[in-house]
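By written order: A, B and C. Residues from 1 in each chain.
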Amino acid sequence: MDSNIALTMRGICMTFPGVKALDNVDFTLKKGEIRALMGENGAGKSTLIKCLTGVNKFEAGEIHVDGIEGPIVNKDTMDAQKKGISTVYQEVNLCPNLSVAENLYIGREPLTKIGTVNRRKMNQMAAQLMNDLDLDVDVTKNLEEYSLALQQMIAIARAVDMESKVLILDEPTSSLDDNEVEKLFGMMRKLRDQGVGIVFVTHFLEQVYAVCDGITVLRNGTLVGEYTIEELPRVKLVAAMMGKDFDDLASIKPEGIKDFSNVPLEIEAKGLSHEGTIKPFDLDIHKGEVVGLTGLLGSGRSELARAIYGADRAQTGTLKVDGKEVKIKTPLDAMNLGMGLLPDDRKAEGIIGDMSVRENIVLAMQAKLGMFKKIPMAKQIEIADKFIEMLQIKTASRETLIKQLSGGNQQKVILARWLATDPDFLILDEPTRGIDIGTKTEIQKLVIKLAEEGKSVIFISSEIEEMLRTCNRMAVLRDGMKVGEIGMDEMNQEGVMHAIAGGDHHE
Amino acid sequence: MSKLKGLTKKQLFLPIFSMILVMLVNVVYDIACGNPPLSFFQIATQVTTSGDTILFGRLIDVLNRGSEVVILAIGMTLVVSASAGTDISVGSVMSLSGGLCCMLLAGYGVTNVDHYKVPLVVGILAGILLAIVCGIFNGFLVAYLNIQPMVATLILWSAGRAIGLLLCNSAIVYVRVPSFQFLGSYCGPIPTPILVAAVCVAITALILKFTAVGTFVQAVGINKKAARISGFNSSKIILICYAVCGLCAGIAGIVATSRIYSADTNNIGLNMELDAILAVALGGNSLGGGKFNLAGSIIGAYTIQAITTTLYALKVSSAQAPVYKAIVVILIVVIQAEPVKAYFKKLSAKKAAAKEAN
Amino acid sequence: MKKVKISSNNILLLITIALFVVMYGLGCVVYASKGFTHLQTFLNVLINNAGLICVAAGTTCVMLTGGIDISVGSVVAMDCMILAVGMEQKGISSVVLMLLVLAIGLLFGLVQGYLIAYLKIQPFIATMAGMFFARGMTAVISTEQVSIVSDKLFVGLSNAKVNIPFGIGAYTNKKGILQIPYVRPTVIVAILVVVLIYLMLKYTKFGRSIYAVGGNQTSATLMGLNVAKTTMLTYVLASFLCSIGGICYCLNTMSGTTTQASGFEMDAISSAVIGGTLLTGGVGNIVGTLFGVLINGTISTLVKSHGKLNSSWPNIITAILLCFFIVLQAIFAKIKEAKKA
């Protein structure tokens, strides 16, 4: 192994039931390098990291780490740590109720002669470590008294102090403000100069260009390429992440630009916002129009939709639905105005896992009717069967538990749940994520069909292709803010990517 | 073999299996004692001193004595399902509602009456209403302040009985009026508590069948976030479950009070919360919330009473019975424990692999 | 200048201590004529609650891991019954019996801890079974009330007085006899337990692991701590302390009955909660628990001093305090969450 290399992974393969999560992926990290690992949802970033740290078991491939002969396979994160691979996650994995010093040294505390914890020595060591890293922290205070950024840095300090050669930072900046991010970067650069190899997973493009030396891009479980930062300007990076693989699907949208200026508005949002997730925005949606929300993960595209729907209650602004001003406090309010939301996290917010397909389909309808007006069983069966057939949901029976279905079919059930309520306005947040290509097309066609029936749709997706095929107009989001709209005439790969990437053009 | 496996996976397997086991123990015991083998199931009639014909027998006894736990189990099942926690205050609330009822009927500070101070209905309704208020208090803490259910209900667990004692001026209040004893004695030949329990179960079953209450409760219990997005008000639903649990405790309290035609605040409903929780667990319901099966809880409740009755038949004193109850609890939870299940799965997988190799 | 650290957790402890001082002060003012101001009244609170202090110390440790132990009341009853029946009916020496009780405590904790830590059974259910078992066993041993009168060592221990030195708090009563305040040996045991547990929680690896497990189990695992082992040992410790508490309790009551110490587990839990221990785990302090017990004890003494109040008032007041503290904790938790978002 090259003495300059901290870590290599070669030909890593890994399958989840039914999905090839990683297909022959390579990854190289030099000593004293900060390398960004980029890719949209489902690209395989976290799977690759989990293979490295022993959380997932990979089926084929080799991992080599500097200083260890032969390929390694880690049993678990502890094992990985012993071999010099440490991970710091987005949620700080420390104990908020213990002091900073304890968090740094727990499990390996300095002891006194009688075997008790030598708190004085521990505090001295901790203070020294903090000092070395230029962190202004009182190590005797509880961790929870410090900002998330400092907690994050303390977590990194712990990892570094355990003599890590490879440091993985998994979305460490998601909850930090600009100032805090800058501090974190300072620390990263310092560690880089000490020879630590750092893998930086993030979805903020600016940050990649601010701190990284190299970029590795994954898409759909395969390696797109390993680049130096100079080789890959923003737009090219976005292109690499989102892919240009025009699949062989014919255009499903009717040709020609439809003019919506004479069609009445379904949704009129003015200055809506939710603190911490989405800054005030305006958005109009006509009846029968499909509006795409585009932007990278974390840009606020889901949050904008959630603010309209009342999933995260909007704190400012006004909303008009069908011309009338309304107040939406809860999702039920939104539903009674004819809205529906298909959330992006299917497992956490979509399916009711222990209920049958039938129960899941009639759920929203039942919620609208209330507790005491039960939909008669015969009607439930009729509705369930109708949608199972219409959406071609593959299930053993309508009484099968939804958690036993494949991801794509689960998604169709949730879609059926909303279609059953006959909504005027549907928000589809990543409706095609993690499902096979055939189902994807079906869902896209369905969206077009709904629009033709006069329903309005917000469509959110990481795949530009898909958005171009289905949307009449797109709103662009960046860093929790709506930064612009793209009309039909400007809607093409290049234009959208420039809009998402920002920076290059204007700065 | 595979059929048997399918059977053991059914939710009602556990409660029915335990019930049959308890009955078998009875049969074996009777044979050993030289009684007719099926004397557990025998229902005989007896003429009381007042000339009424009543039913008696061990089975009737199980049904009769198990009534309170059955009523409590209804509310507890809902609470467990919706909030993944238990309401440990029900025993105290029983005592409290019985105490208020008797206090109103007898008047404050009076310990022995043979006529009502207020109409019977007022007393009973007041007792039940207070219990519902207790339930709402618990539900508010759990649903709106996000306090762990056990902790939230700990407050009334300790205060409920104490307030009951205060209402009764620390004495046992006797209400010696025949109509007051009705709920705890006989309705024709059948013990009234059996009928009360049956009515409660029937009403609940009808509500579950003809309304969507079950769906609402379970959706919240299985996935609170998803339920919210789909338009359910989880906090309100949890609050309602606790209120219903309070209602059940109130009814059970009145029945228990009526049985002894007195408010023995110190002893009514003592440790009853544990039996109710046990009934839910024995019914094959996960204490982690989510899907529930009311029939399971009810069979579970009767099983617990059957165990107790059997132990008495075996000449085990009431004070010693908890030892055996503890063993039953441990057995049930251990066979349901995830690590144990995983271990057996691994074992059977090994066996299958060995078979294939042959 | 060093800034005084005040976090929300410290505030809870400070409120508890302030509450105790106010309550006791109130007693001194209102019931001065009934001897409330004498040191002995305070010492009596300690004497009456020595057993509870030991038990609550164990409960606090369990709660720090995020668990709960509701078996302690029954275990105390079982301990008392073993001691009473052993001495009075079997003629076994009290020393042997006390060792036996401690050994049973260890075994009890081992079984409960194993069920909870390794078989992942909910603490509430596992210890509920323990509660049933111990209460039933008490009755299996004997259903009568057995008073301890014969064992000289045990009776001697029960009646022994340890005078407060240097004449602190001494006074002459109306008959002109000098009264020297005293405590019982059980109080010394209880104070020793509190000090040792305080040091253990603060200065040993095990103690810190308890906090880490309660703070965040996932983190604790990722930081290389053996969560299951820590959890199990905590339950063993709690049951052991419970047995020590059982002996102290028995030295107070000098009898064994099937119904005694019922509701003791809730006294222990409410003391810990009032003392600022969070039921969610990770936050709390044995000193707080000590004050929690003292508050409970003071309430009883106040109600007794009044003389005419219903005996259920202490329970009701404790419940109100419990409610107050639980809601306060919930509010602090909400504020913390809001700060994070």
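By definition in this document, a residue touches a chain if its C-beta (ideal position, glycine included) is under 8 Å from a C-beta of that chain, and two chains touch if they have at least 3 such contacts.
On a predicted model such as this, the values are computed, not experimentally measured, just so you know.
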Looking at Cα centroids only, farthest away from chain C lies chain A
Most contact pairs found between chains B-C
Expressed in whole Å, how far the mean CA point of chain A lies from that of chain B is 46
Distance in whole angstrom between the CA centres of chain A and chain C is 48
So, in whole Å, the Cα centroid of chain B is separated from that of chain C by 31
The chain A residues in contact with chain C across the complex are 77-78, 81, 93-98, 102, 106-109, 111, 115-117, 119, 141-142, 144-145, 148, 158, 275-276
Touching chain A in the complex, chain C uses residues 5, 7, 9, 199, 202-205, 208-209, 211-212, 214-216, 218-220, 222-225, 282-283, 336, 340-341
The answer for chain A against chain B in the complex is residues 311, 330-332, 335, 341, 343, 348-355, 359, 363-364, 366-375, 417
Within their complex, chain C touches chain B through residues 68, 115, 118-122, 124-126, 128-133, 135-140, 143, 258, 263, 266, 269-270, 273, 279-280, 310-313, 315-316, 318-320, 322-323, 326-327, 330-331, 333-334
In their shared complex, chain A is touched by residues of chain B numbered 210-213, 215-216, 218-219, 222-223, 225-233, 290-291
